[in-house]
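The data blocks that follow each hold one structure.
There are two complexes below, and they share subunit A, which is joined by subunit B in the first and by subunit C in the second.
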Partner chain A sequence: MVSFELSDEQKLLRDTCRDFALTVMRKYDRQSDESGEVPQDIVKQGHGLGLTTGYIPESYGGPGGELSALNNVIILEELAYGNLSMTLTILAPSLMNVPLVIHGTEDQKKKYLGMNKPDQFQGLTAAFVEPTVRFDPETLRTTAADELDDFVLNGEKAFVAVADSAPAALVFAKKGSGEGLAGIDGFIVPAGGFTVKEREKNQGLRALKQFTVSLEGTRVPRTDVLRLSGGFTGLLARARTASIALTTGVCRAAYEYSLSYAKERIAFGEPIASRQSVAFTLAEMAMEVDAMRLMAWKSAWMIDKGMDAYKEASVGKRYAADAAMFVTRNATQILGGHGFTREHPVEMWYRDARSFSVSEFMAIV
Partner chain B sequence: MVDFELTPLMRMAREFTHNYARDVMRPISRKYDEEEHVEPTEFIQKTHEMFTSLGFSFSTTKAGGGKEKEESAQGSEKHDKPKMEMNLLGAIATEELAWGCPGLTLRIPGPGLGGAAIMAAATAEQKKRFMKILNGPKPSYGAMALTEPGFGSDASAVSTTAVKDGDYYILNGTKIFVTGGEMADLYVVWATLGKDMGRSGIKAFVVEKGTPGIKMTRLEHKLGIRASDTAEVVLEDCRVHKDNLLGGEKKEEKGFKGAMQTFDATRPIVAAMATGIARASYDYLYEDLVVKDGLEINYGRALYKRGYLETVFEDMETKINAARLLTWKAAWMLDHGLPNLKEASMAKAKAGTVVDEVTQKAIELYGPEGYSRRHLLEKWMRDAKVYDVFEGTGQIQRLVIARAILDYTRKELK
Partner chain C sequence: MKILVTIKRVSDPEAKLKIRPDGTGIQTEGVKFVVNPFDEIAVEEALRIKEKHTGEVVVVSIGDKVVTEQIRAALAMGVDRGIFVNYTGSYDSYDVAGILAKVVEQEQPDIIILGKQAVDDDMGQAGFMLAEMLGYPQAAFASKVEISDDKKTAKVTREIDGGLETKEVGLPCIITADLRLNTPRYASLPNIMKAKQKPVKEVTVDALGAVVKPHVTIKKLTEPPKRKGGVKVESVQDLVGKLKNEAKVL
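Showing the complex of A and B:
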């Protein structure tokens, strides 16, 4: 039966995350953007919410909550509404935990899910994107050669979140050659198995630590291969659904900020919001934020129902990414010259939002 | 709990209306586009019988309940939820019917826009009396007569007059763009008790067919939805009993507000129609380009690997999804008694834009053949345009949304 109402539990989750976004994340967003660092205290507090460990089964040391894509899109929207760099930092461990919970063997789950500590952030992460022009998920260049008991990884990965402090990373690569997503598997590589190279310098997401990582003859024992058996599209659907939710959060932040500004800013004796040119733009922005949220919900709902959400998530991600440029550009525009300065956060959201159409596997639900 | 699963009844309704749209409406869609103003008599009768036999009807504007509530027992046999979600059900069915032919969809007998206004503004006694007419054994239709030659979007500018004369009101004025004005059994006519009273003086009167003094004077010649008649109706000393004043004489506040509340229910339905037309174009294109001609659409692929057509297909699909989701949400809110003014306008604004974009683009992708009247693509593009115009233009929708999000009055945001 169709419903657009969150459960009481989800409302509580939403409110908790929103509160954290507004009272903690927003306070340090500019400072973090300028310094290129998420304050350790925020990482600690964010991690303390238990968002990357809540769904780990009790038998592997977690609290045993359900892995709900819908709950996760609700969380992602709220946190991204606070700050995108901080969100992607805090939630990086899920990039490894979620694939493990879904596809991991008993031993892998024991060993690697067990690395998560409720009271201390462990920078578990995943490495997917590669430093190549026209990166294409279907044509990964990182190779996994089958050699006796091990697979030997060679290649370069880029935009790997928190790689400098990661005790282990899930590296996506192909065992065979050829195109397509179906042949992609995950390889669990503990720290030391990959070389952390230079830190990425991006247009936005400046507080998020991302690195280029190289794998030079890294040996991964067969027992550490996360066999996806064609399941990578499912993981990508989860990541793209996450992207829609993150986009919704950043856009909502920009939309609300410019709306308040438009009501306060006086021009020609009236608030600028009282002019249709500004008011209609805000109406359009509100509409897009609502539309993308519903897309994230629908896609997440499909995932939770066990349906194939790849198409829904993929077209939704693209729609949201396009709309994000519309929303954040106009948020900046409504602030006029002030929007161009770093005194206001809209330029930061505009830069952060640019990431959505080019990024892949930044977060997962 | 968030859910996108349709109830068995909704799935059944969707399947039924889809088949009806495909088998009955599509084949005659072109005929009644070419033969504007010819009444699709057989279609009207057949559709009426079909829906009556089902125990509930899928009209374009069933919003608001009424008959549905009384008959929910029949409709809910296989469906254990206590509450009938008529607005959502209506949106789902209407998308399918409009997929078949939007003009004919508007020609389907039922309470219509007039019925929606009655459900929004009438007293319990009036609802019972008038809905009985609209849900009678014969095909019937309730029309809304609001627009006048001198105004469209600015509904507060009503100049048709209502002068009290004993137990009667005497109506004088000209109404235009009355959907279903030719086939209507009753008209909900909006008139003013006196210009100096402003909005509070605007009242709605139910004028039954055959009442002396009301006559249809002209049918519009239109760009699209030609199967639907759009009439000019003139009122000359038309006497209407006071019992036909919607909401009764005492309820001062119900007048203009009542008219506006009608839109909370009708806009999601109109948005659903727009979504249906966009999907018709998309499906038509998909069938010929993808299924028959073998164009490959690899969803979610890297941008540089996608052809232009693939990208456009994806755009169309996701825009249609956006329109549908906003529509469902607006309808669902109304079903659950939540204020949906903003959401109804969002659905309408989005769907109204999307349907124009999709139907225009579909012709381009089809090539020169898409321009030919051998195909329905050109018709759907013509039909589409009105969805960003009637039931409030795209601009009016944005005005409604903007006032809601800014918490501005009409004075603060003109």
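Showing the complex of A and C:
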């Protein structure tokens, strides 16, 4: 049966994350954007919520909750509603943990899931996107050559979150040639096995530390190969579903802010919200936010049912990324001159939302 | 060491409330309900005492089935188990204290912590009445709580005009929590998911042997009068004239 009613636990997850978003994240969002860094205390507090470890089985040192894409999209919307850079920083370890929980061998889970500490943030991460013109997952250029007992990695990766402090990274690369997405596997590379180059200078997500990373003849033993056996599209579906939820959160923030601004801002004797051009725009923004959420939930629900959500997640991601530009641009527009200044957060959300159409995150739900 | 904490389900202090047309209460449709913020502080304090001195933390809440949501929220913070007193009729602070006294008789806790008041009706009486009924010492409006190593006494500080007052009470005792006692923790997400496995016992008022007979009934709620816009006056004379003749404050 299809249901849109959240369970008591899901409501509590949502309310807890919303509270954290509003009372903790929002307080430091501008400061983080200006300084280009998420305060350590926020990372610590966010990590303390158990966002990236909750689904790790007890046998590997985790609390043993289920990995639920639906629970995670609910959480992600709320966190992104607080701040996107902080969310992506705090959740970076999931980039490695989620694929490991799904595809890892017993030994890999023991060794690498065990690196997560409940009270200390370990910036595990994943490297997927490459600095090429028209990046396409189907034609990854990072290669893994089979040489005796090891695989040898060569290539360059871009936008790798928290790479400067990551104890290990999951690198996606292609074995041999051809095969498209089905030929992609994950390779676990401890720090030292990859070279962290300069930090990316981005329009938005300014507090999220992303780096270009290169691999030059890095040897990965066979035991550290995460064999996806054609499961890469499943990970991509999770990644894109997460992306829809994150987009929903940023857009809801922009919509709500401009709505309350429009109700308070008096021009020509009445609040601007009572002007049709503004009211209609706000209504369309609200529609887009709702549409995105439905797409995220549907795709997540399919994943949890064990269904192939690759198409739904991809459609939703593309739709949400476009709609995000409409929503956040209009939020800055409704604020008029205030939308242009850095005294209001809408310009930041506009810059952050720009990332959705150009980025491919990895699986965090 | 066993600590009993009372929690009340209240409308979100941030929510904009509307009064029902008949004036008997507020419209609850679409309103978010939360744990009374002072009770949340009480839960946090109980958890901190438990972490330091070991023991068990139990929460109790009175109301209809929906209050189990708030009990679960407390369990997610780390409370060990809940008691849900199922009662749907009307009651006043005295009734609440009477029901709680029966729960205390059954549970025999060493410390009972309440929020200093609920933010919905702001009565702030249940703690005092409960102490009177049980004949327990009480320390109200706590801003700091220290339990002695032998677990026999509690040193409780309270903020008073111009300073702090510190009392020592023997256990078992009643403590009510003030705003600056602590900052409640966030429930971690794994704990939220685990909270559903923790036990919540349902009891009725009759089974407890409590008698509910409200001495106070709320007759009517009205909204505060709408604030009228101010006026600008032309001169000081105008202002003085208005203060004398219209406001009649001079």
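Points to keep in mind about this one:
The rule we apply is simple: the second predicted complex is superposed on the first by the 362 of 365 C-alpha atoms of A that agree within 3 Å, B and C clash if a C-alpha of one lies under 4 Å from a C-alpha of the other, contacts with A are read in each partner's own complex, and residues count from 1 in each chain.
Following the convention adopted for this analysis, a contact is a pair of C-beta atoms (placed from the backbone, for glycine too) under 8 Å apart; a residue touches a chain by one contact, two chains touch by 3 or more.
Everything numeric in this text was worked out from a predicted model, so none of it was measured.
Overlay on subunit A: subunit B and subunit C fit together in the combined arrangement. In the superposition on chain A, A:L13 makes contact with subunit C only, while subunit B stays out of contact range. Of the two partner chains placed by superposition, A:L335 touches none, neither subunit B nor subunit C. Contacts of A:E284 after superposition on the shared chain: subunit B is touched, whereas subunit C is not.
In the superposed model, A:M362 lies in contact with neither subunit B nor subunit C.
In the superposition on chain A, A:P63 makes contact with subunit C only, while subunit B stays out of contact range.
In the superposition on chain A, A:R134 contacts subunit B only, with no contact to subunit C. After overlaying the two complexes on the shared chain, residue contacts for A:Q276 are found with subunit B alone; subunit C is out of touch. If you stand at the C-alpha centre of subunit A, subunit B and subunit C are 80 degrees apart, rounded to the nearest 10.
Taking subunit A as the reference chain, the count of touched residues is higher for B when subunit B and subunit C are set side by side. In the superposition on chain A, A:V220 makes contact with neither subunit B nor subunit C. Between subunit B and subunit C in the chain A overlay, the least Cα distance found is 9 Å. Interface residues of subunit B, counted against subunit A in their complex, comprise 1-7, 10, 81, 85, 88, 299-302, 304-305, 314-315, 317-319, 321-322, 325-326, 328-329, 332-333, 336, 342-343, 346, 349-350, 395, 397-399, 401-403, 405-406, 408, 412-414.
Within the complex formed with subunit B, the subunit A residues making contact are 1-7, 10, 70, 134-138, 236, 240, 259, 262-263, 273-274, 276, 279-280, 282-284, 286-287, 290-291, 294-295, 297-298, 301-302, 305, 310-319.
Residue ranges on subunit A touching subunit C, taken from their complex, read 8-9, 11-13, 16, 19-20, 45, 48-51, 53-54, 62-66, 75.
By the touch criterion given at the top, residues 69, 72-73, 76, 186-196 of subunit C touch subunit A in their complex.
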